[in-house]
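Heads up, there are several structures right after this.
First chain A sits with chain B, and in the next complex the same chain sits with chain C.
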Partner chain A sequence: MNKWQGWRKIRYESDLDPQFVNEIASIPGGEKLYSCIQCGTCSGMCPISPYMDYTPRQIIAMIRAGFKGEVLSSYTTWLCASCYSCTVECPKDIKLTDIMYAAKRLAIREKVYPKRFPTPVLASEFFKAVENYGRSTESWLLVNLFMKTNPFKIFKQMGLGLRLFSQGRLSPKRESIKRRGELKSILKVLEKEHMVKSKDELVSTGKEIA
Partner chain B sequence: MSYIYYPGCSLKSTGRAYEDSLLAVFEALDIPLQELEDWNCCGATAYMSISELKAFALSARNFALAERQNGENDFAEMVVPCAACYLGLNKAHRYLAEHPELRETIDRALEAGGLKYNDKIHVRHPLDVLINDLTPDKITGLVKRPLEGLKVACYYGCQLVRPYSDFDDQHDPQTMDKIVKMLGGEVVNWPLKTRCCGGSLTGIVQDVGLRLSYILLAEARKRGCDLIVTACPLCQFNLECYQSRISGIYGHKIKIPVIYFTQLMGHAFGLSDEMLGLKRVFVSPARAFSKAEGGQHVHG
Partner chain C sequence: MSTVNIPSPNGQPKIGVYVCHCGINIAGRVDVKETVAFAKTLPNVTVATEYKFMCSDPGQEMIQKDLRDGKIDRVVVASCSPLMHEPTFRRAMIAADANPFLFQMANIREHVSWVTLDKNAATEKAKALIAAAVKRIVLHRPLEKTRVPVTSDVLVVGGGIAGIHAALTLAEAGRKVYLVEKEPTIGGHMAKFDKTFPTLDCSACILTPKMSAVRAHPNIILWTYSEVAEVEGFVGNFKVKVKRKPRYIKEDLCVGCYECVEACVFKKGITKDEFNVGLSKRRPIYIPFPQATPLVAVIDPETCVQIKRNKCKKPCVDACERDAIDFDQKVEIKEIDVGAIILATGFKTFDASRISRYGYGKYPNIYTSLEVERMVNAAGPTGGEVHLQNGEKPKTVGIVHCVGSRDSKTNAYCSRVCCMYSLKLAHLIKERTEAEVYNFYIDMRTPGKGYEEFYEKLLKENVHFIRGRVAEISDWATIPEEEGKLVIRAEDTLIGAVRRIPVDMVVLSVGMEPHENVDEVRRLFNVSCSHEGWFLERHPKLAPVSTFTDGVFLAGACQGPKDIPDSVAQAGAAAAEALALIDRGYVELEPNTAYLQEEFCSGCKTCLGLCPYGAISFNDEKNISSVNGALCKGCGTCVAACPSGALQQNLFTDEQILHEIEGVISYV
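Presenting the complex of A and B:
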């Protein structure tokens, strides 16, 4: 991106990425995205839309128009709590929650997610723990999360943590499955495969839509 | 019928009281639960944000293990109490059945681990089992301490009823309401019963998450409920453990016990607080319970 694009608010057609919608639509059932009628039911149902930078309806419109940078770096997808209200109510059967997930995954792959925002960090830490141990350990997950976002927050949460600890609801013991090797070999097969196809993958599999 | 129990990570940690009470209640009802051997994470929300394929593979490994443990029997009935695990496993179950291309990829991955999934799984929530596999008299017959006069708000949350489950209504679910009524309690009309509690945002993006939890608590209180029951470890945690912080932030003193529906059942069945994990709470339900017993019984 050029330096001056940082403050330029106007977008010209040449700045848009017409393949972006196809990348997102490559998930199973994703082609429904093309039939959005912009009714706004999703935004109306969403309990979090008042706190988002773009509402779910806007996100869909932006995906279809090709505002790739704006969508992938927005807070919206990372605020989605996956409550599936929009998915259930959409009159066109668009699986909005899955589209939010697809945008999150593309943002992680292209490293454009909001860097110190806790939700992408939480997702990455959770992912690492499960890859290694097959299970998540809540105590370690929280410690790692605070270390990577704002270590001072640990002190604020200390009281709550100690209370949970005394009730036997939080333990420093690492949870793990027994046959870690078995799981590793399963996940290794999927290392290079993605459900959201990037532009290049779309071209190579002949699924590119002009 | 025998059931295979899939606990998930939360029921071994912050949601331990859910496991305690679920096992105690199912034992009282004489329904055998057999824990899934070497189960792994379901591939929950946070995992799916990184790799959906791997999330499905995680679920598929659990399915394959459950089938193996079930042996020659027909379908393996997998009982999944955590709402997030229930959704994750159910979603994978649905996608693997409906998208052959995805299925082929996942089968290939399972094979590398020496496993195979044969579509012989039913993903079931305990509420589904209690309402659809039992006759109501089995539950009512065990009630020793009826919850007379106790006003209960039933909180289903989001992922339990949306969008892949089919055992209850998506907009106005009733299974938990039915159970509370069987126990003699009164169900408060509380339309927010499937509104989101904030999920993982409540702990980490508190500007947003705490407000979502506050909306639920304030409305429940306005409608005069004595107690909230839930079926999800994250909902329980959010609504209970942040109450003092929420009271401080929004200047509205809120103190409502939030327990699992299985804890409420166990209490009505006359089981001890220890068995039900009722010692692992921030806001004790003792006062609410004593109200149900006409203020006679001094609890805990």
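Presenting the complex of A and C:
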């Protein structure tokens, strides 16, 4: 017996964001998005589409229709392995992988990505480690990843971890660079630049920063 | 009724039997060698042989050689259907100076090898059919095709773009053309459009030069406001009566100055303007549109006070300086002789009120595509402005595809043009109003030169495309944002969600339908219709403009939904076919016609009403029927019905058919 799925929701136009498509299309080459003929080549090519909650074709359709919430909180963009199969085969030359990244960036900025899903957590933890120490330490990265997604999984992987540890493949010592303060100030400048740039970008599409 | 054998022209008949392998089409099932051996045993057979492909040149040469050598004088070919290769073998016989009607085909492919699994059974059946053909051909007589001269004038029925193009093509070739149009002006639907897809060139700008060329051409006689009343005769020799309705204006005097229209006692329009599909009103005296051809006013007898009640001050008569108004005009019947007829009667648009859930006629601001065509037209009732009934510009517009198409409840077929014109209207509406435009489609069908590119252009213009047939249009608001709007409800099948989209204006992209009076027209010209009501072409691929009635050709949307380029192409093809018929100067009639054995006819008149081609008339002096061989199509209806057996049909006489049956039975 199938499980009762609950009521299907009718989509009201007033809940949608008609500017969403312009936001995504403002990335370089993004204007090709408007040419999508919904042929499904991207979903067919995609090796991971069976695991996605929305197929890449649906993501494009939803971007065009303004389903901002669904697109940004979907797992699809995070599952994308960036293999570029879709982009290579698209009959309308849509840079689908780039669009996936654009959606991911927007999801992080608007803090609507799936919070305990490993991919975004791994990305942010990796970035944090590099930001603070200039290097990533695998053992710490793993522990942080497990803690922020599913702490119980750490027991499942413990055997492998201990074996790696005993072989000297995994060290609990935090790796770090010298003169971390200089790196911090470089990153600060970069981030400032980026924010200004993205502010312009957002203003041009008529969207305020949340 | 005698069953005496009619002797061969030179004594004992000499029959040649040729069995074809058709590669393995026949030989794969039928034992050809055994069949040939059997044929040799049949009476009067002097030659029996086989060949891989009888229809090939060497195959035909075999027959011709035997005929020339005097070995045979009658030919039986056991191969495919006569529909396929009877003309081929008859031509081969003519080339060998033999009469082509001393020929019979036994169909052992479609009737035997393709439909029989068992090899023995197939061989036996092939033998039986050959025996029947041999038995029958003994009775064949040499027949001659008759030649009838052809009148060189052509009648074109319908003055839309197809009729106009066909008439101009024929007139340019030096033929005299009668162009008959039931409306007061030619131009048809195309004259109502603003732009044409996918090039977006102005419809009037490309049509009106052709319209005035029709008007000015010395070889075209243009009869508008007229209808064909009667068609008699046959290919090459049609006698047609055309009813010219009174327009109460002398066509030769009127110059289309509009003085009479301005002078009419009605200062405003009082009745629905047909040309603007009801979006505006017109007066009883009117000129349909400024480029009407001929540019002659017309008085509508339904609304004119003078004609209806005979008491009007008649200011129109005073206003006309050329005394062109004539309230005494009567229906005029013109009789013409033509060699060929081109039907270009076009189509009508689907009546959107038939689909009640789309709310056409119930809610304001729901328009059909043809109404919107008039609206976006600069010469239309709104001067090219797209606005709602309250005069405001719409901010959101929904275009609903497939209204009255691809629906078993209305029309099952695809109307072919709606996707493209919907895209065009979406572009024009967006251009004029900057509204958000939503297209609701089932499939986007854009097959044509530059059509897919046009679709991509619209995609890039950020017109919304929602794949899903609209379920319902209503003014029922379920959230405050929908108040005062028309709500379109449809499943977005690409996203997998049911969506409600509030819009200010809805365009229903109505499909194409045959005219209501198509049955009348079909009987008038003796052409067939498909079950939808489109005129039926002789062959969907290889004779797309011919009909089953020789000399009657089809052009444009009366044969099926078509866009302008296709209509024009077909009109050109129909004109070429008509020219091919006329320029030969004669028509050859098949001799498989009915003939009357006068001494047996009792004058019962049974046959008279049965003949679908009007080929039988009654000779009152002799009190017997008489068959016009030129009209007879050889359908055999009268022959079967004749109670005294007086009517017989060439190639299908009672003796021949009985012999054929005997041949099958005696073998079995």
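Things to note:
Simple rule for what comes next: the second predicted complex is superposed on the first by the 177 of 210 C-alpha atoms of A that agree within 3 Å, B and C clash if a C-alpha of one lies under 4 Å from a C-alpha of the other, contacts with A are read in each partner's own complex, and residues count from 1 in each chain.
Here is the rule we use: contacts are C-beta pairs under 8 Å (C-beta built on N, C-alpha and C of every residue); 3 or more make two chains touch, one makes a residue touch a chain.
Keep in mind that this is a model prediction, so the values were computed, not measured.
A count of residues in chain A touched by chain B and by chain C gives the higher number to B.
After overlaying the two complexes on the shared chain, residue contacts for A:143 are found with neither chain B nor chain C.
By the touch criterion stated above, A:112 is placed in contact with neither chain B nor chain C. Within the superposed three-chain model, A:104 lies in touch with chain B and out of touch with chain C [touch as defined at top]. When the shared chain is aligned, no partner comes close enough to touch A:154: not chain B, not chain C.
In the superposed model, A:13 lies in contact with chain C only, and not with chain B. Shared-chain residue A:169: touches chain B; no touch with chain C.
By the touch criterion defined above, A:67 lies against chain C but remains apart from chain B after alignment on the C-alpha atoms of chain A.
Looking at the shared chain after the overlay, A:57 reaches chain C, while chain B stays out of its contact range.
Chain C makes touch with chain A in their complex at residues 436, 444, 455-456, 459-462, 464-467, 478-479, 481-482, 492, 494-502. Against chain A, the residues of chain B that register as touching in their complex are 9-10, 12-17, 38-41, 43-54, 57-58, 61, 87, 95, 98-99, 101-102, 105, 108-110, 112-115, 158-159, 162-163, 170, 195-196, 198-201, 203-205, 207-209, 212, 241, 279-282. Partner chain B is touched in their complex by these residues of chain A: 27-29, 47-48, 51, 79, 81-85, 87-88, 97, 101-102, 104-105, 108, 117-120, 122-124, 126-127, 130-131, 134-139, 142, 145, 160, 163-164, 167-171, 175, 177-179, 182-183, 185-190, 193-196. Across the complex, chain A meets chain C through its residues 8-14, 18, 21, 31, 34-38, 57-58, 61-62, 64-65, 67, 92.
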